[in-house]
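What follows is a pair of complexes built around chain A, which joins chain B in one and chain C in the other.
== the complex of A and B ==
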């Protein structure tokens, strides 16, 4: 028990790395995913098909394979990333595919009449997207996206397998020294849970904020 | 006679094998209200949607106030689709009210009317608010300006839809079966608003199933059947003395003979 408490500063280091990886993955994938999602929903075939193929392909392979591919595979092609950035790159590539699909679902759930009404008053495509479609889509985007974010936090534990000392690997290293697996795994689990629980709480608040049906 | 504000010339459109518009030619004069009637699938809604290019068409041309709407002829019978920006500018001058209202659900009644004024017409917030309030007052929604669409009845939503369209001061207003989705007791309030607009000289093209309304409000009634304009004339002439057998049976099916005979 003491071991777990004494090792807390070290675990906090790992926790910060987990946060760092998760934050980068979530932020970058959000931007790229929304841009690619726009291409998927509104683009012509030469925009649609590359995104479609990318999304289907990426979602069809285990994320661990992707991580190993980026870390061990890409150097063969001359692209050498250290383990931290290889982990971020692989997880981001994976998460982008999810953001694309969530965005597609959210935007396509908006009735096509909304686009027409926007056209009828003379709004251009980007104006319709900015003032009509996206504000409505946010509400439908948030719940599945927060799920994807918590998935990203949990999935970030996989980066321990290429030697990034995140929360997961920190826990394992402490166990290696103290031979006290139970208290440490429990501590680790609690920290992961707290991150994700606070995320879902924020998400529920946001959903209320973006709801346009007043209760 | 003055230049027509809307000139529809030989418009053709097919959905696959199905020809929905066949050589449609129609002129609408400034200040006129034209009702288009016909059975479902006769092409009347499609024709209306072609006027602001919500629907593309295969051949022919449509001009509003001397400007070709969706396409620009490039000589020798070819045409090029207008760019997004050109189209938006042209559509801003053509108002449309939809059967299912299509209000923006995340915006209040006032914001619904203001959006086009601010983003398209470049009005300041203050100016836009003033115009929006003016039109919401006009359609009888002075006390509903802050309401979201979900908090309004169908008839109220449709009146916001009308205010949103007319606030842009369009050259022509397209009304697409605007009372078809309303409860019967709410139809009257919406038609009253339209009737007032007609009296004030708004140019309108009204696709409708309300024959009594078509007769009352329309300067002209156009009957379409199977993509063709079969009759076109003053309401009483078209509705009371239908020349064409298709129109006779259409009116008979609506069982209107009794109503109009009085």
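== the complex of A and C ==
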């Protein structure tokens, strides 16, 4: 038990890396995902099909395979990323597909009459999007998106497998020194639980908060 | 780029990938089966139980759903035997982990399904004199299954993909086979060019099979 407590500072280091990876993945995937999602919902076929294929392709393979491919495979093709950025790139590519789907669901839940009304009063496409569709869609977007954020935090544990010293690998390394697996795994589990549980509580609150909206 | 593709090594070791895929499917199938039993029993306990039962079920679900699967896999394989004084093979350990993990997700699915069974149906069952067991078996469960079918297929696909994590404790499934060929032949691009379609095709095959089932049985609400 003492080993777990003594090694806490080291685990905190790893925890910070976990947060860093998760934050980068969540932030970048949000931007790219919303842009691609807009292309999916409103784009013509040459925008729609590439996004549709990308999303279905990425969501059909295990994220672990994606991580291994980016880290071990891409250097062969001349793209050499260190393990941190390979991990971020792979997890982001994965998360983008989920953001696209969440965005699609949120935007399509807004009645098309809203878009037509905007057209009728002479707003341009971008005005309709930013002033009419997105403010309404954000309520549908937030709860599942926060669930996707908790998935990103959980998924970030996989970066330990290509040698990024995140919380998971920090736990493994301490076990390598102390041979006390159980207390350390439990400590690690508690830390992950605390982050994710607080996030999913926010998500649930928002869902209740927005549940008055019907259409 | 002067990389020369060479698939001959992959074909030479293809049986590793093929057997790996079969094992992945078996792991997913067995774990989902056990997970469904866990999920169904706990969902029934939750729906019909008192405050305490609900608190226990909720904490199981929340703990499992908020911890990375990778950590659970390590915990069950390295952690539990270290204090329990017993051992099990990596495959058994992974099946236990994935069953407990899928159980937590399936409780939620089944719980929502049980809530959505119309009260009138149960009352009707009571009115024609069915015993509580008969009402459960012939009214409640069949209706619930038809309601939850669409969400079940998503859970199945994601659990099938999660079997790739078994590779970290050296269960020889598909990803492990891929990594083995990787490290022994260095034909990295070729391996992933084969393994990725294997995952995709299998995943979508499961999806289409389940969608056919849905079209036959699902209740539109």
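One rule holds for everything that comes next: the second predicted complex is superposed on the first by the 200 of 215 C-alpha atoms of A that agree within 3 Å, B and C clash if a C-alpha of one lies under 4 Å from a C-alpha of the other, contacts with A are read in each partner's own complex, and residues count from 1 in each chain.
FYI, a contact is a pair of C-beta atoms (placed from the backbone, for glycine too) under 8 Å apart; a residue touches a chain by one contact, two chains touch by 3 or more.
Just so you know, these numbers come straight off a predicted model, no measurement behind them.
Novice: Specify the outcome, clash or fit, for chain B and chain C once both structures are aligned onto chain A.
Specialist: Aligned on chain A, chain C fits beside chain B.
Novice: Going by the contact rule stated at the top, is it chain B or chain C that touches a larger number of residues on chain A?
Specialist: Result: the larger residue contact count on chain A belongs to C.
Novice: Touching A:122, do we find chain B (first), chain C (second), both, or neither?
Specialist: The answer is first: A:122 touches chain B but not chain C.
Novice: After the superposition on chain A, what angle is formed at the C-alpha centre of chain A by the C-alpha centres of chain B and chain C, rounded to the nearest 10 degrees?
Specialist: Seen from the centre of chain A, the opening angle is 100 degrees.
Novice: I'd like to know which partner A:114 touches here: chain B for first, chain C for second, both or neither.
Specialist: In the superposition, A:114 contacts chain B only.
Novice: Is A:200 contacted by the first partner chain B, the second partner chain C, both or neither?
Specialist: second
Novice: Go through the superposed model and pick first if A:136 touches only chain B, second if only chain C, both, or neither.
Specialist: After superposing on A, A:136 lies in contact with chain B but is clear of chain C.
Novice: Look at the superposition and give the distance in whole angstrom between the closest pair of CA atoms, one from chain B and one from chain C.
Specialist: Superposition on chain A places chain B and chain C at a least C-alpha distance of 23 Å.
Novice: Could you give the residue numbers on chain A that contact chain B in one complex and chain C in the other?
Specialist: No residue sits in both footprints.
Novice: In their shared complex, at which residues does chain B touch chain A?
Specialist: 52, 54, 84-85, 87-96, 98, 100, 102-106, 115-116, 119-120, 148, 150-151, 164-165, 168
Novice: Would you tell me which residues of chain C are touching chain A in their complex?
Specialist: 1, 3, 62-63, 65-72, 74-75, 78-80, 82-83, 161-165, 167-168, 175, 178-179, 182, 188-189, 192, 195-196, 199-200, 203-204
Novice: What part of chain A is in contact with chain C in the complex they form?
Specialist: 57, 60-65, 68-69, 72-73, 76-78, 150, 153-158, 160-161, 168, 171-172, 175, 180-182, 185-186, 188-189, 192-193, 196-197, 200
Novice: Considering the complex alone, what residue numbers of chain A touch chain B?
Specialist: 111, 113-114, 116-117, 119-125, 127, 131-132, 135-136, 212-214
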